[in-house]
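Letters are used for the chains, namely A, B and C, taken in the order the chains are written, and counting of residues starts over at 1 for each.
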Amino acid sequence: MTAQPASEAPLIAVRGLTKRYGAMVAIDNIDFSVRRGEVVSIIGPSGSGKSTFIRCLNGLEIPSEGEIAVDGKAVPLADHRAWTRLRPDLGMVFQDYSLFPHLSVLRNITLPPLLRKRMKEAQAKERAHELLARFGLSHKADAYPIELSGGQQQRIAIIRALAMSPKALLFDEPTSALDPETIRDVLAVMLELAREGMTMIVVSHEIGFARQVADRLVFMEKGRIVEAGHPDELISRPQSPRLADFLRHLKH
Amino acid sequence: MDFDPAYLVKQLPALWRGLLLTIEISGLAMAIAFVLGVAGAMARHLKLKGIAPAVAFYVEFVRNTPLLVQMFFIVFGLPAIGLTLPLFWAGVVSLALWAAAFHVESLRGGLATVNGGLEDAGQALGLARLPFLLIVALPLGLRVALPSMLNTCVSLLKNSAMLQAVGVMELTFVAVDRMASDFRMLEMFSVMLVVYVVLVFLLSAVANRLEAVMQRPFRA
Amino acid sequence: MSLILDNWLLFARGLLATLQIGIVTLIASTIIGFVLGTLATTRRRSVRLVVRGYVELLRAVPLIVNIFFIFFGAPLLGLQMTPYMAAVVGLSLWGGANGAEIVRGGLMGVPRHQAQSARALGMTEVEIFVYILLPQAMRAIIPALAGLLTLLVQSTTLGALVGVPEFLQISRLIVERTTVMQGSDPAFAIYAFVLLVYFVLCSALTALSRRLERMLASGSARKTPTMTVEATAVS
């Protein structure tokens, strides 16, 4: 990264993104971009393709067609190695935490940077401890995932993603597998990251979070972006009947 | 060595007799093993005094000893103390006793899946333990156990080839005998390969079919 | 009883050969199993099909036919095989097919999202296999391989049929020799003894397998679905 990228240049830019499974079109010709520091919330009914969409962004699903550029560089869609190199830049947090059950919390956090960033062991550990301390989880460093609550596991998963120093974080329904009490802890962490200027794309039905944090709310249906705009705007005055309908269902 | 179809054709009658013997012995053994397996599993499930532990030990014993040695014991060992069975029946019995042990284990696992709620319901209806076992638990347990029991049947069929070693003139015996006398390896191996693969395939197909049929009433 | 004491050296030698074949074939089966089992989980359909074919073929043909095949068939390819070698090769190929199923099952038992989240963290496919999938799969694979050892030890008896001087073959020779020399048939006592020895040996191995399973299932890490190889596979 030599030249300072223009602040308006999008961090992630997507054009004509399409994902097909056989005859089924999961993502239908989406154009989309995210600026540096922006927080985007994506909502939509199940099967709307929102999860598939963010999984296309880091190549967990290889798009059938379209262009994806991250930080100004186009990603060759069919190149597995390019994806592998790119992925640490876009950290991802999953619904089911996906910590590695056979590794301690500390090792979960240090293993990826040790492998990818050619970091020294001591350095990786130091960084892990730093992150754990920051989110109040230092005492869990030597624990194994099974010993943690869902909320703690999810926060560790976020820390694990952060340890790779990503340029952006992708959240795939990060709170939908959690108890109501622990959802708050996880949302608090996400809130703090957003305030610090982390670029985030969040697939979630936490409308409160979207309202409080998101710069933009995107409503997807049938693999398309139906509506997008400022959360308050969109929530109070939905343009499409589908979104109005969807929001009504969410409230009940 | 070239493949000689003419030689193969000449040996077909003998091979055919061997094949029939293989099927006969396996079929009889499967039937006997099924009966013994069900009886053994029921004894264990009802915790019959004296019998249940004996069955448990029997199962462990059979599973932890080689079938070939079991065959030697039945075919050569028992006659030495005056217990002589015709060779055909000795073969059937050895395979049946072996498979029965595995059936007991499979069925025991199947019966264990029948939950306590059903048992309570049975008691509320005034069913005693044995009628409950026969009418409710056994049919349900069999369904669960069926895949692994059928698996045992496939193994039984393949293991019938070991009877070659004690002189039962089944398919493998005939084929190996011709190899030793005429050195026609290629022809004989082709026969064995094809026949066993086809037999195992057929039996597996029947097994799959049966499994599907047994599952049917559970579907909507 | 005196018969067994008189021949204890022969019995011991046979038992040693049995154990030796069991261990050698376990090692070979493990190697074949890991290679094929891993290949069975690759994305390439053609590779998976070849592995599937190998496994299905070896499991469809009776093991004894397989050993005869190698013993009698090797000379056709210009190879000379001693009975010992034929038994080891035959058992290893068969054990390898079972090993492949064990390893494949273990790898498939690791939840899918594990590989996905590792991928999201930028790990390469090789790294994911080494650091994430294999360690988790081992907890199911190790006890199952110990179980396979029991099957292999039991199956070494088939070596007797091509003349390998293992435990059963030696016992058979002792029965024959005693019958000829003393005129009485000791088959009942000797084969009962052989059964007993195998029972003790294999029970110990089975216990070891169960113990390993329990040990690996507890511990602080999350329990991954364990899979045991049912001993029904003997053939």
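Basically, contacts are C-beta pairs under 8 Å (C-beta built on N, C-alpha and C of every residue); 3 or more make two chains touch, one makes a residue touch a chain.
Computed from a predicted model, the values in this text were never measured in an experiment.
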| note | By label, the chains that touch chain A as well as chain C are none
| Where's the contact count highest, between which chains? | B-C
| Which chain is in the middle, if each chain's centre is the mean of its C-alpha atoms? | C
| task | Quick one: point me to the chain whose Cα centre is farthest from that of chain B. | result | A
| task | Calculate how many whole Å lie between the centre of chain A and the centre of chain C, each centre taken as the average of the chain's C-alpha atoms. | result | 46
| request: Please work out the Cα centroid separation of chain B and chain C, and write it as a whole number of Å. | output: 21
| query | In whole angstrom, what separates the CA-based centres of chain A and chain B? | reply | 55
| field | Touching residues (chain side chain B, partner chain C) in the complex | value | 1, 60-61, 63-70, 72-73, 76-81, 102, 148, 151-152, 155, 158-162, 164-165, 172, 176, 179, 185-186, 189, 192-193, 196-197, 200-201
| message | So in the complex, the part of chain A that touches chain C is made up of which residues? | response | 58, 60, 80, 84-88, 90-92, 94, 96, 98-103, 111-112, 115-116, 143-147, 157, 160-161, 164
| query | What residues of chain C sit close enough to touch chain B in their complex? | reply | 57, 60-65, 68-69, 72-73, 76, 150, 154-155, 157-158, 160-161, 168, 172, 175, 185-192, 194-195, 198-199, 202-203, 206, 230-235
| What residues on chain C touch chain A, complex-wise? | 113-114, 116-125, 127, 131-132, 135-136, 139, 220-224
